[in-house]
Amino acid sequence: MSAEVDLRTSLGAVALRNPVLLASGTCGYGAELAPFVALDELGGIVAKSLTLEPRAGNVPPRITEAPAGMLNAISLENVGVEAFVREKLPALPAGTTVVSSVFETEIERYAEVCKRLDGVGRIAALELNASCPHVKSGGIEFGQDPKLLASLVRACRAATAKPLFVKLSPNVTSIAEMARVCEGEGADALSLVNAVQGMLVDVERRRPFLRNGLGGLSGPAILPIALRLVWQARRAVRLPLCGIGGISSGEDAVAFLLCGASAVQVGTVGYTNPRAGIEVRDGIAAYCRRQGVAAVRELVGGLREWGPED
Amino acid sequence: MSAEVDLRTSLGAVALRNPVLLASGTCGYGAELAPFVALDELGGIVAKSLTLEPRAGNVPPRITEAPAGMLNAISLENVGVEAFVREKLPALPAGTTVVSSVFETEIERYAEVCKRLDGVGRIAALELNASCPHVKSGGIEFGQDPKLLASLVRACRAATAKPLFVKLSPNVTSIAEMARVCEGEGADALSLVNAVQGMLVDVERRRPFLRNGLGGLSGPAILPIALRLVWQARRAVRLPLCGIGGISSGEDAVAFLLCGASAVQVGTVGYTNPRAGIEVRDGIAAYCRRQGVAAVRELVGGLREWGPED
Amino acid sequence: MEAGPTGLSLAVPGWPGHRPGQFAMLGLDPARRHRDPLLPRPMAVYRQSGANLEFRFKPVGRGTRLLGELAAGAELSVLGPLGNGFAPPRAGDWLVGGGTGIASLYELARDAPRGVRIRLGGRTRADILGLADFEALGADLAVATDDGSHGARGFVTELVAPAAGETVYACGPTPMMRRAHELAARAGARCHVSLENNMACGYGVCLGCAVRTSAGFRYVCTHGPVFDSSALGWSAS
Amino acid sequence: MEAGPTGLSLAVPGWPGHRPGQFAMLGLDPARRHRDPLLPRPMAVYRQSGANLEFRFKPVGRGTRLLGELAAGAELSVLGPLGNGFAPPRAGDWLVGGGTGIASLYELARDAPRGVRIRLGGRTRADILGLADFEALGADLAVATDDGSHGARGFVTELVAPAAGETVYACGPTPMMRRAHELAARAGARCHVSLENNMACGYGVCLGCAVRTSAGFRYVCTHGPVFDSSALGWSAS
């Protein structure tokens, strides 16, 4: 089969050229990647999470390597919503599908960022980064408490008519419960997962490698965890899902599609190669050709069960 | 400093020759390792989890490789408590510190296994494997539900006078809550963590690699997660902790000690080298010599915070 | 240590000797520079020559690709000999190998009495591991390839016709071994197969290599890798 | 590709040239046989010779040990040139290198005008990377070692005495750079330091390489690695 594979897919109302987006925090505001990648050949980019005001991150060290992954505590440094809309967005090639990630420490502020982005034509959808500690609740992540998460999604749903994705935390007992909460509050899709909470210690100095102590574990190490969470969410809700976690090849991406994701995001592996997203896209297409799959949408949720005779 | 390092430590009332035990399910019943290791040179072994009756595991495939780790769904195949006491225990060299892991699908059966082991002199302590799905509660793990976990620990506490360790699941929103529950019900120590729930997919065949679908992720990949959980548990309870997850070197073990564990268990890495436990022990001793640490106990909880001037 | 894409030879001081069909766990990275791939790979000892052990494989996955790319002088960890190995064949018995499973049979063939029949199969001539070595034995050897590039065209099991009282020794892809089992069963012959399940430890502690037998689960690394085929359930893979 | 324990040389077709002090991200495993260690390593280009780039390092961690053990012909990924690089020095300026930081300075020294003073330090003579190359330049060169095995005994910064209007170019351990900064500040000289923070991406998207400056956080990979030392807070590492 040498015919072109139809790579188109969608996340709810958001049509995508192909299933591969770049994950928030791993592609800057897009322009940083322009020397390496034609951004409009990707499914899209999820820009660095935005807060109401510009936000400085943690004092370094912010990153360290982990087995088959890395640990980070950047703490969501960003230029703020205004500068993004004014300076960053216009710099992107027309035709780039842009998802804006939204992050704050209080619900009203989350909603306010959504409101500011609501009227911005270039933005295809908003992604709520719910994996952030809630200041008023003593540091528990929004995405770890179903009640907090419900209030967050409700407030943001009311603040924007744009397609609303919620990015879930993997650090929970039941992803199904969190997924259902989002569905109940009118989210349009779920992105899962964010980094897994972790820690590494410099034993020579007897202190954490990161100044922040805790950090987020990402990269291939977490792929089996992320895939399991997508599969569990798939059985809990009907919302479209976007799979994230350790994807480094077309086969990795296909695994997420088979488990029920309609699209995927490539994160950490992009640090090792700025063209990783394009290579994952090409890997998906190669897989489809090899397997005689005409349209990538056919793969979504196509995982078979083991039969008694297998 | 060429003097001998004092490697002794303890988990509550259980004195240990050194901080390195082998994790349950990764050292069989001990005898399998005898060709490679003098078992009484280890801190101890935690034998394969025992059920009331002999138990057959899952239909294969049961294991597959994961990035910097592996995924397993053995499903706790074991010879049962009677055969263990009658055949396996007497085969172990005198002087081996043996912890017996206990596992069941209902609380009364857990307690019954504890009762059967209670009078057995060779057993230094019991470890409740609480990372197992509870049949009556629709498959949620005992270690994922604070109420279930409390009932479990209470019942087993009443069933045995032996030191009682509880092995916690990493698949929870709040390890602190689970740790406090165990402390409240009279556990003597906590072992953490068990494998992280994960999944991997064979994209060529479009089905999970494991016949069981889900599996437990173990090995270096999970070390940062396990270390974080130990550190969080340390701040929640005063119980002694035993750190488990991805340990492959003396430095890895020291990281757990610094985060507050009094001992550690080596699991998956032992598959790559049956002498891994001894090498980890030697690595801890080498670290202590290099750093001028006279007794390994000095390291426990010795993690420093970053200062503003660092 | 010397390696090429389909085999390696390494000095293993202290190797105590082994029986044909036993295997070793080869650890790719004893110095732990990498922590991935993590697990050692079970490999049949193809041949021992003095202090050197030889292994044969095909680059099908991460592990075998890395093995084939090892630089001369690289270090591997070697745990073994492991497993039960084959019982010695008698004249009239059949040795049936397919694909990389052929590697398990070379020493069995070499040490076999005259009159043992060796049947090897692969996709093409290049897939018959160690063909020249087998030919040099001067034994009763026949080959089948899928594309007819060497020997008969078709499945190797078409070259196998056991009679009652004979034993078939088979190692290769599951369909090949199943077919060998069926041929033997139908003829009243015995069949010993060497299984190549995934393994983590190779020494009996992970229980990952379980295989369902008529007597319950058995472990390929300690009870096998060689099993009497009649004890195995040939419907499941 | 050729490698030894402390350096490697590889052909990079299409390398567009670079300024002294720029760097590349070296990916250890472009074919993804291993997924650990995952991240590429930032390395200063020590020297370009024709189509070949040379790098120098010491085996201090996983990454540099693997780089030093690469087999001839192995493939690396190379992303670059990255970063700002050094401004050209003038006669009277000081080039101060310590440990592996010396690697960032060779081309700067080679292209420098006469009268630039080169001062290199390390624990022992063997730690002075590329010593013979620097000596061959015939420039004003002095060396200090902790053990006195070459040049003066002591810290390399004891050989540095900048005057007002001069510039010190420094790359090495933090205490060395801090001292260079202090010497320059005290004398009314300028000091440019090249920082060697941990990096994940090297091209400005991870924000992992942040450094605190008087103007807020800056990124070593895109705004640096060379910074005016007066903009940095020298109390924090």
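Chains: A, B, C and D, in written order; residue numbering restarts at 1 for each.
Keep this in mind: a contact is a pair of C-beta atoms (placed from the backbone, for glycine too) under 8 Å apart; a residue touches a chain by one contact, two chains touch by 3 or more.
None of the values given here were measured: they were computed from a predicted structure.
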Problem set entry | Maximum centroid distance from chain A, chain identifier (CA atoms) | C
Exercise. How many angstrom lie between the CA centroids of chain B and chain C, rounded to a whole number?
Worked result: 36
Problem set entry | Distance from the mean Cα position of chain D to that of chain B, given in whole angstrom | 45
Seminar exercise, completed: Per the C-alpha centroid definition, the whole-Å distance linking chain C and chain D comes out as 52
Seminar exercise, completed: Rounded to the nearest Å, the gap separating the Cα centres of chain A and chain B is 33
Exercise. By residue number and range, which residues of chain B touch two or more other chains?
Worked result: 67-69, 219-221, 310
For this session: Pull out every residue in chain C that's touching 2 or more other chains.
Result: 35-37, 62, 236
Exercise. Touch graph of the chains shown: is it line, ring, star, complete or other?
Worked result: complete
Exercise. In their complex, what parts of chain A are in touch with chain D?
Worked result: 25-28, 32-33, 35-36, 56-57, 59-65, 67-70, 72, 74, 77, 219-221, 248-249, 268-274
Exercise. Residues of chain D touching chain A in their complex?
Worked result: 27, 30, 32, 35-40, 62, 77, 79, 197-212, 216-217, 236
Exercise. Okay, in this complex, where on chain D does chain B touch?
Worked result: 35-36, 235-237
Exercise. Can you list the residues on chain C that touch chain D in the complex?
Worked result: 33-37, 62, 65-66, 69, 71
Exercise. For chain A, which residues count as touching chain C in their complex?
Worked result: 67-68, 220, 309-310
